[in-house]
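Remarks on the structure that follows.
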Amino acid sequence: MRFFSDNAAPVHPKVMAAMQAADTIDTAYDGDALSRGLDARFSALFGRAVTVLWIPSGTAANALALAALCPPYGGVICHRDSHIQNDECGAPEFYTHGAKLMLGEGPGAKLTVDEVTRVADAIANDVHRVQPHALSITNATEYGCVYSPAEVAALGALAKARGWRFHMDGARFANAIVSLGCTPAELTQNVDVLSFGFVKNGGLSAEALVLFDPDLVDVTARRRKRAGHLLSKGRYLAAQIHAMLDDDLWLKTARAANGHAQTLAKAAEGRLINPVQANELFLYMSPDEAASLRAQGFDFYDWAAGEIRLVTHWASPQHEVEALARAIAAL
Amino acid sequence: MRFFSDNAAPVHPKVMAAMQAADTIDTAYDGDALSRGLDARFSALFGRAVTVLWIPSGTAANALALAALCPPYGGVICHRDSHIQNDECGAPEFYTHGAKLMLGEGPGAKLTVDEVTRVADAIANDVHRVQPHALSITNATEYGCVYSPAEVAALGALAKARGWRFHMDGARFANAIVSLGCTPAELTQNVDVLSFGFVKNGGLSAEALVLFDPDLVDVTARRRKRAGHLLSKGRYLAAQIHAMLDDDLWLKTARAANGHAQTLAKAAEGRLINPVQANELFLYMSPDEAASLRAQGFDFYDWAAGEIRLVTHWASPQHEVEALARAIAAL
Amino acid sequence: MRFFSDNAAPVHPKVMAAMQAADTIDTAYDGDALSRGLDARFSALFGRAVTVLWIPSGTAANALALAALCPPYGGVICHRDSHIQNDECGAPEFYTHGAKLMLGEGPGAKLTVDEVTRVADAIANDVHRVQPHALSITNATEYGCVYSPAEVAALGALAKARGWRFHMDGARFANAIVSLGCTPAELTQNVDVLSFGFVKNGGLSAEALVLFDPDLVDVTARRRKRAGHLLSKGRYLAAQIHAMLDDDLWLKTARAANGHAQTLAKAAEGRLINPVQANELFLYMSPDEAASLRAQGFDFYDWAAGEIRLVTHWASPQHEVEALARAIAAL
Amino acid sequence: MRFFSDNAAPVHPKVMAAMQAADTIDTAYDGDALSRGLDARFSALFGRAVTVLWIPSGTAANALALAALCPPYGGVICHRDSHIQNDECGAPEFYTHGAKLMLGEGPGAKLTVDEVTRVADAIANDVHRVQPHALSITNATEYGCVYSPAEVAALGALAKARGWRFHMDGARFANAIVSLGCTPAELTQNVDVLSFGFVKNGGLSAEALVLFDPDLVDVTARRRKRAGHLLSKGRYLAAQIHAMLDDDLWLKTARAANGHAQTLAKAAEGRLINPVQANELFLYMSPDEAASLRAQGFDFYDWAAGEIRLVTHWASPQHEVEALARAIAAL
């Protein structure tokens, strides 16, 4: 019974069916109708003209976004616990050609206007210091928390006022939307580039890089090619994304994942390190307790000394979730 | 009727079925059994211990190979008409952090020992000149020709003698193998890294990066992650490759593609710019003749003034190939 | 008797004296009065507002210029025999983060509008091909020839029409100016960045990077720091440049160097491979003849089979130049 | 009366004289006798065979050292307050092609074995996390403190045990040596590369990059060229270093600087934030007090709220130092 990662989730049958349906002789790269149709699809979703590039991985989507927003000699303010800092083996530094990540602190892996201001103001504005050029947040965060539309807008306004660009790592954007009950447009005010994740939520190998600034499109398309991410059979990636958007499948799968997390949260109330606002839970748990759960067949990640991480996803079997909830409650 | 590119080919039903079969909750990245099984599979195929990383695109496979073989301050000798020079938007320069491609000449996009020697000997061995560190060839070449095992071995021996590493871009390795009637082992003597292509030949999004030198494995695995090519649902990529190897599917599909090319070659005998040894044809053809073919419904690439390119693939409909052969013969 | 390189020249006494005069406690980096005075000095020289950064080497000046003008995913059209291609160990690729040099041909290491057009037009304008973003020429060229003001203007106009930026490597700009009898302004029409060399012409360690576009200043100042070229005792570099400009010392030293070259050219008339328009000569010469000169105490560079290079400089002893002229005539 | 930075110091007359003495026609780059003589000179000083490259700036020396010791996908553990992190505009990231600086804490800008262990042990050893490959310390530190030979050796032993390389930023190595009363050999046990500074201590534009590992020499020489730091008139840089070593001039000038700092330290005893072990002082000081000193003609750096930095150097006028000491005591 796996609660290790939502990356372990399978591909949704409708996504697989869409790939099957795309399986004909067609134009290579992103010249096919499915790929060309993404802009309109997402423009409708966000209520404004956007350009969308499919990208095979979230790491690449984030790194391409940062390369679009920050020059090699600049810096990106982000959270100390962010995925771009800890879990991408230096992809941001590779794609930006050596930009520096500037780390802020805060509970739930969330940055605040005050904290970002503190980080920035500690940097003398001279030629010797790397200057911040972009701000990056993750929503939902690496600790399963969400930024509200107002929080996002405030951080974006700060970025704008300082002359920085604004990136949102939305590997679990769907979970945040479902959790907040808001629209994609409401949650991306002032955002320049969004990495809109589908792979953890039912997709196979297609994230959507949403460019809100048309000036970034040509350059990012070239960088995608240069990085080897312009797959020749792109239609199968576009097909995945279309299937996820059809009938709001992406919201349904995220709702399932979040729901499972709430089931576990209720059973683990006294143990919660952070509020559970998406599909990840971080629990205080002794090594003995963790061993006991494992002995009952549950698989999960040891986060830190006395802490574990549980992740649910759209395909987590309901009975396994309930079994785990009972097991935690019984500890 | 599309003869534009083998990238337009669909995914083979057996590949699609293998992905479907892999569609369960499983370990992320490359920790699953299918991914872990690739080394043994390819070691058997090559008759020696190799390590294999799945890579979503040929561009990335080539660029990762070159980064493994050439430092930022080094050079890679390759053909002026090579894919790495012309068709990857600078991916080699990106992944190697600025290595220089050093261009040789020769018919059929083939390098010879003499030509490589000429290129290398023109470079003074001092600190002011970028020095060659690697040699890269494409087999089958960008002009649809093949290097024989003896030619590969001779170039590899030259590389070894000079202290260079040796890369083979095998985007159409299957077509070369079928054309030559040799084994993969025979065609990769002295090769350090092979980009073994499946996507043009029935796959969807998985090439095999074959590392013949165990010292390159850890570094290349890190670079793959850092480049965003360690997809979280890697089992679906590994599944594609296994399906291609099962029952020699990769040879069957390449045989079909090459066969179609021979059908066309026979009809175009006086027009052939290069010998047709794989699944690409380059023909002398006047604009009027090209227009006539297009008027009959055939789609293809204008290569240069008075030249066209035709590409066949495993799924090219037999009747379309025959129709095109007749149309060319009738010009 | 050294005719190997103008890099072997000593430092002019007035330059040394100016450094001595600057030898006091003062502001570090480029905050001193001498450094701050460069903009006005060069603005007067060029007859328009320019910004100037001192740079310790010509290689760095060129590489910083190219990094300012070409993105990592772009290309720079230059001559196959250019210094940036052959003699900087990949500095352009390092500073630009992997831009590609696109090589043209032509006698005297000179590019023409036709040749540049030919190189550019061979590149399909799609996402797979690196696109040219800049044009770089060397004046005087690596073969001791000069571009006239009209030739420079025409190449600059081509660059402008194509949307490229325009760089001039002026390691021997002074020799070109003296040879042509024109003004610096006349010789830099449409140029965006000029690497204005002083080190071969009497300086020690200060080239002037002349930025004609104010938008490039801040970024280039940061890149200079990031590359370790913002020396802490910058005033000693600025002092060198001021001394070279005082009383047109730079023209006097270049005139001496060019004059020496003409003395040699007259003696070598039938042997000249290129017209002698600056301070370098390339001569046809058999190995036996070269050995004979060497036996008489003359030191120089073997350029290619049957070819030698001679370089004069401001401090070449007159009697050595005349002795060499006699020796060549006597061969 | 300037106590702002030792970068404001003039060039020592003996250094200037040595440059003057080198002012003849000679071999370019580092082919001259002075440059070639550095290895022997430093091998004698360190009591073992070393290779030395002159480098025009400390930033470049550090960045070249890190590029030699850490791959693009690796990390360098250093102090949060280190020069390489804060004052080089990302030069380490540029030269290493995107390695990550991993920040430790500790008073006096000093790292301890425990702290470095803590930083390293927090990094999971998997493909997703950048792994440390090198450790870098500054001696004397950015806060004017020194690492003893035993402390250096212990950190070096830790690095060795972990498989990392070890770099020492010795911009003020002379001040540390004088302060500790030890030999250069004693202070560089286990060190792989030392940036040995001369510019703050009487030189003009030459630091010595000391390579203790012969395997690093060729690569670093190439990187120096590629970065534009192989100046064509290198003999004038080598001459500076020789002059600094002659008759232990480097120790005399450092002794003077450190002595001035002690004079100030005695006057400022209750205000010292760190022990004064080199030529920098960090004092608690209210804005009013700072204003009072400035009104008396003293120039210095406001370090943080309620803190100032004072720096002395070999040429700080004795009477100015005494005047400042009196003024501080009188506050």
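A, B, C and D label the chains in the order they appear, each numbered from 1.
Following the convention adopted for this analysis, a contact is a pair of C-beta atoms (placed from the backbone, for glycine too) under 8 Å apart; a residue touches a chain by one contact, two chains touch by 3 or more.
Just so we're clear, the structure is a prediction, and the values are computed from it rather than from any experiment.
Listed by label, the chains that touch subunit A and also subunit B are C, D.
Between C-D and A-D, more contacting C-beta pairs join the chains of C-D.
Note: the chain lying farthest from subunit A is C, by mean C-alpha position. One finds 50 Å separating the Cα centroids of subunit A and subunit C. Separating the centre of subunit A from that of subunit D, both taken as means of CA atoms, is a distance of 42 Å.
Averaged C-alpha coordinates put the centre of subunit C at 34 Å from the centre of subunit D. The residues of subunit C that reach two or more other chains are 29, 72-73, 88-90, 94, 97, 127-128, 222, 225-226, 230, listed in rising order. Subunit C meets subunit D in the complex at residues 2, 4-5, 7-11, 16, 19-20, 23-29, 55-61, 63, 88-91, 94, 199-200, 204-205, 222, 225-233, 236-237, 315. Looking at the complex, you find that subunit B touches subunit C at residues 72-73, 86-90, 93-94, 96-101, 127-130. Taken in their complex, subunit B has these residues touching subunit D: 29, 71-73, 97, 127-128, 219, 221-223, 225-226, 230.
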